[in-house]
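Consider the two complexes below, in which subunit A is the common component and subunit B and subunit C are the respective partners.
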Partner chain A sequence: MRNLFAVAVLSSIYSFMMASVVLVLDAPDVALTEAAVGAGVGTVLIVGALYLTKTDESPPIHGMFLPLVVAAGTAAALLFGVSDTPPFGDPSNPVTALGPDYIARSIPETGIPNVVSSVLASYRGFDTLGETVVIFTAGIAVLMLLKRSPARRRGDGDKGG
Partner chain B sequence: MRLDLILRVATKLILPFMLLFAVYVQLHGDYGAGGGFQAGAIAGAGIILYALVFGLAAARRIVPPALVETLVPLGVFIYAAVGVAGWLTGGNYLEYNHLAHDPVHGQEWGVFLVELGVFITVSATMVAIFYAFTGRGRSR
Partner chain C sequence: MSDLVAAASGFLDHYNQYITIFLMVSGLYIVIARGNMVKKLVGLSLFQSSVYLLYISAGKVHGGTAPIIDPGFTVYSHPLPHVLILTAIVVGIATLALGLALVVRINEAYGSIEEDEIFERDRDDK
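And now, the complex of A and B:
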């Protein structure tokens, strides 16, 4: 598929399907994020990037063999990693084993019935601070790369923006 | 006559409810699904939708880029300041227990402020990235 607009739309559809899958797995907050960020804003940004560059994929510079090896190697590494994770939904997993403790402690300690919120913002507040800093860093990095400085705008007689 | 009349009218109808839903997800995060990140994503997407339909200039009049670029670090600052407030009230960093007269109220205050910081940074970062992408014009 050479037309990258179609790829952008397909990735948006894929993201929306993933949001539905996550919703079926009882994580509505993740589904909200995936639908808003992945299917919505992400697609807008991909289309924006296509507007800045080209809408057609350039012809490949390698043959089929090298990308195939890279893809197969990555898949093998990922499968090897997955084989070491605990079984999905096993009650002895650390994730499932710690759950009842948080559920029992959340209301008496924080007064917040939604355990996801109390874990995110209170018990693991440091993690969430790190996540917020990551988003901040991503935003600053994009601004540094893409934002036009006012001095340059005066210089080259800007047409857009 | 503009051909995007349907888009404009539909956006005007949808947008208030989108922003209200963002506020609901933010403030109701203690009881239902969602929190600062989700609400920030929805609010940022609402502003981006407005910019897509009504043009970048109209969006920049309502949400100026200078304001957005101030809000991106402000959210992180609020979050980190809540952590320092935990220190100053005699606890660990990001410990909310002493922020109010009893630990449960302190936790609620801490979570509320922290989620507010996340909301500000997430929504502002989305809009800032969108402005950076669309404010450039074609390079060729």
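And now, the complex of A and C:
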């Protein structure tokens, strides 16, 4: 597929389907975020970048052999590790062992019935602060990268760039 | 025969992880094989979304429901992976925005978003 607008639309559809899968896996908060941020904001960002650059991809010039070997090697290593992991949805899974503890303590300790909110804002409040710092830094970096360009473009105009 | 059935059920018990591995490896392949930088970033977000799937499916409990406390339910899925992935989605979109801003800058400096054309120009400049 050489037209990059089609890639933007397909990645938006993919994000929306991933949101539906996550909703089926009992995570409505993640599904909402993925639909709004992944399928919405992400697509706006990609289409905006395409508007500022080029919308067509040139045909590839090097072969696909080496990437395929790397991808197949990674897949083999990951498949080798799967057999040691707990089965899907098993309640005795060590990953979910602490779940009932969070559920039982949410209302007495924070008064919030949505446990995801209480963990996000209360038990892991510093994590959320760190996340905000990351977004802030990324926003400043994007502004610095894009704000410099008009002056540079005028300067490069003399050299024909 | 029972060995075969046991092997098959052992395989099916981990089907969420096979889907995760497939998505992760296709994202990795796109990042390495495609020369176009916007496509590379789309591949990177594919890779990231496979990690979302890995975490959320690990927190799923059979017969459970969403972790919002209600007297009608007793079994809930694990809320902690949901919180971690909420953070990861937002950080993922921040990296996507930064990557796309870099692509826009590269396009202004080199007039191209294709990796091999950029390498070509660098070689010519030397």
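In this text, the second predicted complex is superposed on the first by the 122 of 161 C-alpha atoms of A that agree within 3 Å, B and C clash if a C-alpha of one lies under 4 Å from a C-alpha of the other, contacts with A are read in each partner's own complex, and residues count from 1 in each chain.
Assume a contact is a pair of C-beta atoms (placed from the backbone, for glycine too) under 8 Å apart; a residue touches a chain by one contact, two chains touch by 3 or more.
These numbers come from a predicted model, not from an experiment.
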Partner chain(s) touched by A:Ala138 [first = subunit B, second = subunit C, both, neither]: both
Partner chain(s) touched by A:Asp29 [first = subunit B, second = subunit C, both, neither]: both
Subunit B versus subunit C as contact partner of A:Leu129, first or second or both or neither: first
Which partner reaches more residues of subunit A (counting touched residues only), subunit B or subunit C: C
Subunit B versus subunit C as contact partner of A:His62, first or second or both or neither: second
Touching partner for A:Leu4 - first (subunit B), second (subunit C), both, neither: second
First, second, both or neither for A:Ile13, with subunit B first and subunit C second: neither
Contacts of A:Leu120 with subunit B and subunit C, given as first, second, both or neither: both
Intersection of the subunit A residues that touch subunit B with those that touch subunit C: 28-29, 33, 37, 41, 45, 48-49, 52-53, 113-114, 116, 120, 128, 131, 135, 138-139, 142, 145-146, 148, 161
Of subunit A, residues touching subunit B in the complex: 28-29, 32-33, 36-37, 40-41, 44-45, 48-49, 51-53, 108-114, 116-118, 120-122, 125-126, 128-129, 131-133, 135-136, 138-140, 142-143, 145-148, 158-161
List of subunit C residues in touch with subunit A within their complex: 10, 13-18, 21-22, 24-26, 28-29, 32-36, 38-39, 41-42, 45-46, 49, 52-53, 56-62, 64-70, 75-83, 85-87, 89-98, 100-105, 107-109, 111-114, 116-117
Subunit A contact footprint on subunit B (complex, rising order): 25, 29-38, 41-42, 44-45, 48, 52, 56, 69, 72-73, 75-76, 79-80, 83, 93-94, 96, 103-105, 107-108, 110-111, 114-115, 117-118, 121-122, 124-126, 128-139
Of all residues in subunit A, those that touch subunit C in their complex: 4, 7-8, 11, 14-15, 18, 21-22, 25-30, 33-34, 37-38, 41-42, 45-46, 48-50, 52-54, 57-58, 60-62, 64, 66-68, 70-72, 74-75, 78-79, 82-83, 85, 87-91, 93, 95-96, 98-100, 102-103, 106-107, 113-116, 119-120, 124, 127-128, 131, 134-135, 137-139, 141-142, 145-146, 148-149, 152-153, 156, 161
